[in-house]
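In what follows, chain A forms one complex with chain B and a second complex with chain C.
Then we have the complex of A and B:
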């Protein structure tokens, strides 16, 4: 367990209500924990208390076994990656110099830093030759956002705090950035606290969701558990009416199929098959495209089952309550 | 014609002193003060300070000299004092405006990455404020060049001596000469400061 909040509260001066009210939760190592909620629910404040950009009015925050009030804030922050929605690249420094910021603060040698900068640019899908010497104003929104993430990862911090990191770009670019980041995270396994107000982003990115409303923690759990059993009407309305369909996106085909050793030849011929780990939604799409009532399920090259439209319908019915 | 050549260099030099010395003092006072007034603990003082400096600007320079006459007498001293007071405001005000104008998200990102407040000031806020601060310095310089003319009235000499001599003795060519000299001086100073500004402006703004 990497990050722990114990009964953390924050009331801003001049306000009569707490912005964060007795919040406790844990973030496990290697997980993306999503803090979800509407504007003003306190999620960003909580994030900023973890790297001491805000100080709690009461409660404890423990990072890596140590109470963070015992660590000098700038030192703490150099070990935690921080990505914000507006990105905040230094306009008067080149991309190289921007990414090199924390390594320089930590006293890395120039050669080690430059090597790391190249590595990060490539990791983020940017061409170092093209981009390293440019200034932020010369980059597109998507490129800047990638540089923002690269900069946060420069010193390879085990923990990252991300506040709507993909919010400043258009939806098409956002989806790509999300996908790329997820595949990066598979390789790197960082501990990430991710703030968003978008339920779809939360479900897609999160290993674990924590939902807030007006400063209070309302529900915690794996995305699919939250979708199946929302804690109250607020969470229900946050999830949206289409939670049955959202669940399809998260459920693997193998979870709903009927096991079978053989699959009808015409299904195989027409290509009406999906892999067992693909979401049920993908199976549904194939069914609709091929105009079929059922889909063959394969694990690799081996046929293992059948998934019918009927079963999907019953499942959505059951979980939608 | 004589005024244009023989006596002129001495007066030009005196005038230059009357500009550079107050400017120097003003920079040493106004820049740090402006910076301090943008720091979190002192921000609430900035409005009041600006109000005081602004009010000071409305007092005619001659009145300032008159006020300090019992303590400093006439001549160089009070002239420099009055000019310094006038040189302070544009520098302080522009410094505060420029530093406050640095976008919040840039400062937030810099702090969030682990820069200390001093590092944020030195590496982020100040470089990005250079254009604004230099505008203040330029304004102050040009203002001082023209206000320094008044120093002549209290024996501080400078180009004012030539201009007032022209007024008192009905020799318009002296007035013209004096005016041309200080006009040229103002332009040269402004260009010089602009050149220096260009040298310290961060690369992305050039």
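Then we have the complex of A and C:
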């Protein structure tokens, strides 16, 4: 299940400049592909063309090997999960009726739908007994966002389109929702197009980043590659002056360590150690807490190396030039 | 409280007028609801005609009722009586009903419609499962206004031969009989209140509790 755009352009009537200009990219199965850029860069329009809420002026969009212009829009949309920032829960329907919307359109039996609704509520960390029969206005912002995601996943679509899905909640709830969604995604392996203007969210959520400016695709690649070698000044300003520090969040400790079979006893005694797959940022945190210039790296119970303050500094200097 | 004595002394007549009045109002109500809710829904799909239709309903609403009854009475095939009365009252119900249906359907939160489209609802599914249920509070406001309005204006149909409570008021005026006028006016007012109360009951049943906080708040 993958999504492919081939030279897709979109010019809205009455506009002399294309909102989306000759964009081609591909989203691989099971990946979260983040479309990143400032507002008005065309990222939302691209997302809306994938489920035919907008029609491209030119170019082709292929979903799962099939050109989507051949699929009736409502039928296509029922097979693609869609989450928007405003959530758009139906205020006159209860939470379970909201989540049951797509199964209802697909003609599922009531018992199958109800079972699925309960399953989804539990999956999203909501108590079915408590919220199923409530109306949207009775929920908190974070709960509504969860219901929005649950509703999009109701018929278990292999593809999800998410337009700033965690944009309407406060930062603390947002981080929790992001973490929960990532661990959910590890199990479900959906193919996801995720739109955001928040670079931190993009780096955190994305397996792959695609950066847009004024309708044009300016760079795509893995988050770490984009951070290490931004394509131009625009990308550089988008990712910020602290990209060296952001990289530390994406780099595993083992990637920077000096291999060593033994770790000084005082490090182990004071607990100044991290696991090899933990990000360098976590190692840095431990070093600061323990007031140490180096930290021991373990893989499971096995000591495998040492990471020193000097090596981290050199790495940051190298990547942020 | 002499009007009570008046009602007691003329109970047969008052009852006949009241029943005539109720049956006229209910006939008009049923026809208007069908016709104007349908019209409101249609014009919500065609923005170009919507302005014209709503302006027309405003203009019709501004015509004094006595003259409209009189005018239609002269049309061949209508004449004196129920047919003309129903037609004119249906015209007066147009403005509050068409307008409330149109505005109700149009003012539905765009993000809810967007979510519905994005999940694969067809246009008619969006109309029946999103727009109309969400428009009910506003539609009911229009229905209740038109019920009270019809009940009141129906009194004027007495001039074209309707034997309803308007006749008590009209004859009370020509005879200078205050009790007769008060009797007619009070029964009409009570009727309007009762019908409005009943519509309120229906409204509670139809409007989703999820929207009620908005309707009441």
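FYI, the second predicted complex is superposed on the first by the 320 of 321 C-alpha atoms of A that agree within 3 Å, B and C clash if a C-alpha of one lies under 4 Å from a C-alpha of the other, contacts with A are read in each partner's own complex, and residues count from 1 in each chain.
In this text, a contact is a pair of C-beta atoms (placed from the backbone, for glycine too) under 8 Å apart; a residue touches a chain by one contact, two chains touch by 3 or more.
Only a predicted model underlies this, so the values are computations on that prediction, with no experimental measurement involved.
When the two complexes are overlaid on chain A, chain B and chain C occupy overlapping space and clash. Of the two partner chains, neither chain B nor chain C is touched by A:17. Taken together, the two structures place residues 51, 53, 74-78, 82, 84, 86-92, 101-102, 105, 135-137, 151-152 of chain A in contact with chain B in one case and with chain C in the other.
Residues 51, 53, 74-78, 82, 84, 86-92, 101-102, 105, 135-137, 148, 151-152 of chain A are the ones touching chain B in the complex.
Per the touch definition, chain B reaches chain A in the complex via residues 103, 105-116, 119, 123-124, 127-128, 202-205.
Contact residues on chain C toward chain A in their complex (touch as defined above): 109, 111-122, 125, 129-130, 133-134, 207-211, 213-214.
Across the complex, chain A meets chain C through its residues 51, 53, 73-79, 82, 84, 86-94, 101-102, 105, 135-137, 151-152, 161.
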